[in-house]
């Protein structure tokens, strides 16, 4: 149950801290100090005030805060005191299904990272897929320490913005969610294609496809809801599959020219709108990143 | 080594029969009787003469001829006296990789078919994939006996036309080969896309993809040779995969919007020309069955 | 100034008739009799009640009503007692610019039509262009009298629905307006094309093009308002011209490959939504009737 | 009647000069001196030898040669001693239809150009349209004299290459011709569109369209011959108009959505291949510069 920004603006200090104390991992003092800056006109202003308090803390306090974050790990290796928020976030990135080799690699990289930078590897996992987590980790492992400390704080900003948007209702929310939508047009008939099943898969590095969303187009050729909304679109590779063969119906013996149409695409911007229409006839199709 | 039609037209009866006696399975008499109709102006005329001799034979002789064909089978179950031509043809349709369940089903269907029609199931396997063989068998298993006998003879015509085209060089060959070609255009630059790797896969019913052909586009955006030519395109489902990400080159972090572009399509006409171009930009593409 | 449906529902008979008496040409009795059916939940219900009163009148009264409509004519030949509504409607269809030959043809057809059917040719001119008026007139001139009387009443329904929608504000308006919209996507950049000038022309039979609307695309690649909205799209031929050359900017000497892109299309359904996007690169484009 | 390169290589000096003496305007000495370099393996080698002899001449001789070229002019103002080749070339660029204002402008620019550079404005008119001639003239009128002398000699090379290609048959011709071709595909049917009338217009600056070529597509969706071939494609703006409405046939009342599809494009490279296909359905189309 989200709390209204208006209500937050009128809470006593204790209640305010109770409402927002866990937004920054194990650091209720961030919310406590932000209290002084009430009232907040927007959720973004509230978030900015919390980030400003973190930034104003002594460097050792910030390092301590960073060190309060859990290591990235598969379920077996997770710290028993992981916060509920962290536990849920790590699951979304598919870190619940690590191979032994991956678990071992993660443990090795975690150690090497801590040794080099003095705090654990922090990443906003809700913006990532299994594959992009590893790519990101590999990329940051050898960064310059000053650059990497900024990168860790930028990830903190992303993690806490997402938590805040889930927690607080009000105007001016930070733009932390993406949208993935589609639109089917039957250009042989000059009309939207209704009743077409659309499936969205995320593709793993080994080519395996995991179903993320499934929907059937309505009279306007759109899915009733976007295929992804109200959350970041995890960075990674995807495939949309449009079952236009069923829509087009049977004709003659043998396979149709077009049956399942796959559109494979990469997402690099989790907060962006990916609108990916399919314009088709029984013998042709086109797609594009639309708006 | 093909023999020239001109040369064939001038052979003595024995040499003629030696050259063409195995075109019709275990039936050198077909070539023997066609000898009288020399000279043949075209390979098609030669084939027609052979088919006419088969058609003029008494029904029991034709039934006997049909019965001289092998059962469709995986390698374990193949008759030891299978002709070389039949052995090679059965391998092309992927019948060398049957699951035990499929081998058992094939045996069961072979028995049921022989029982119903009095001769073995005959199909021009070079026109088929693993999957379409089973679909074709299932479809014909319950046919009307008169209709099915015609279907078997039509398959004989296809099998022998393909063998003849391989054996005899000359004008007027029967049209028994298909072509599968592609063309890549970079419409952001208004020019053909050179150096793009194109892979063609055949798709099994279980979604597994088997590589059939691979090529790199030349300066005109075409593969040096068609991806399939000089043979029928087996009926089935295919996927072309165009590695345009490598062509487009790196840009920024994270996955590209388009990297490997898959085009999935079905082939119902093994003797047709399937020209399947890809027009693309970094953010869009279209494809169609061209000519 | 439109009047609210709620207000109409509460008017005294005189005021009601004053508000709606001119919706049906020279026939205030139609509104007068519809008064009894108040209150109207929707504008469509009000219109239906008026049409029902017209339909319930004796045939001679209906004929009289039809005869109260003006002849279609150029300005020189218009009756001095033309109602303001009719005068304005006739101008929209470009009947103010008739050639002498056309004026003469119209006079001849008006006489022939009256002679055959006993009332003047009635058409909802706001749904037509200059060219389609003549095509419609020619088509109906030789119709069966019973069919044509129904056609005339169907046009009355269209004319009065449009007048009512202009006059009355309220829920459930009859769908008498069309929409013509566009969308520009630069598929080489994968983004909307902003700042592109779009011009809409109506094409006359002789190929002359008359500017109907002009707009510049915004950051989303759309015009701030649809090119046509809040009125029927007159039946006819149109050309959209997109000045993408200015957007793409200069490159080298000589003409660009694409500069002004014309899209020529016909409108047959004045009440429909014609969404006509342009997806383009410097070297390619595509368009379609979208939704 | 072209002469064979082989034959030329074996002519006596007089006959050689007679055959090629008029390739360079009023300068038979160019051919005469090139004679010494026989035999020529290719037409390009012959042309290169002639250009080399021109380049080896003393500057005053070259200036004299340039001065032997006629002014660009409308028919009224043309010098009576204009060579037949020049007369024909000037007509192709539409200089036969100058407005009085244009004729006056040309006269003024001719005088100014001669005054500045000491020789007349020379341009390979077969590579130009009416409009591009004026644009080219305006661009070169204020050039640096050294640069402009090179530009004039480059135009001489183009003019003489075209004349030589018309005169001499043989291997290795200079690439002085362009090709403009099209291809129609009905993507709703997945087949070429046969029987469609295609018209090519050149567009004047005032929007007037002059028919250049007209053809009907064959069974492969192509015109029997390219719309332009065996000559340069004059620099300018063009419009292809595809009469797909007639091909699609009648449906219902009112205008079709697509009837005449215009594709407007510019040509900047007269020697290039412009392949401009149209892929269409009744409700959509796309086009691109192909190869």
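Order of writing sets the chain letters: A, B, C and D. Residues in each chain are counted from 1.
Keep in mind that, in the parts below, a contact is a pair of C-beta atoms (placed from the backbone, for glycine too) under 8 Å apart; a residue touches a chain by one contact, two chains touch by 3 or more.
As the structure is a computational prediction, the values presented were derived from the model and not from experiment.
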{"item": "Number of hops, chain A to chain C, where each hop joins two touching chains", "value": "1"}
{"item": "Shared chain contacts [chain C and chain D, defined touch]", "value": "A, B"}
{"item": "Residue-number overlap at the chain A/chain D interface, same or different (half cut)", "value": "same"}
{"item": "Chain pair, B-D or A-B, that carries the greater number of C-beta contacts", "value": "A-B"}
{"item": "Most widely separated chain from chain A, with each centre as the mean of CA atoms", "value": "D"}
{"item": "Cα-centroid distance, chain A relative to chain D, in whole angstrom", "value": "58"}
{"item": "Inter-chain centre distance, chain A versus chain B - centres from mean C-alpha coordinates, in Å", "value": "48"}
{"item": "Chain A: positions in contact with at least two other chains", "value": "187, 190-191, 257, 279, 283-284, 286, 288-289"}
{"item": "Arrangement of touching chains [line / ring / star / complete / other]", "value": "complete"}
{"item": "Chain C - residues contacting chain B, complex", "value": "187-191, 257, 279, 281-284, 286"}
{"item": "Residue ranges of chain A in contact with chain C within the complex", "value": "185, 187, 190-192, 220-221, 279, 286, 288-291"}
{"item": "Touch list for chain B against partner chain A, complex", "value": "132, 139, 235-237, 239, 252-262, 264-269, 283-289"}
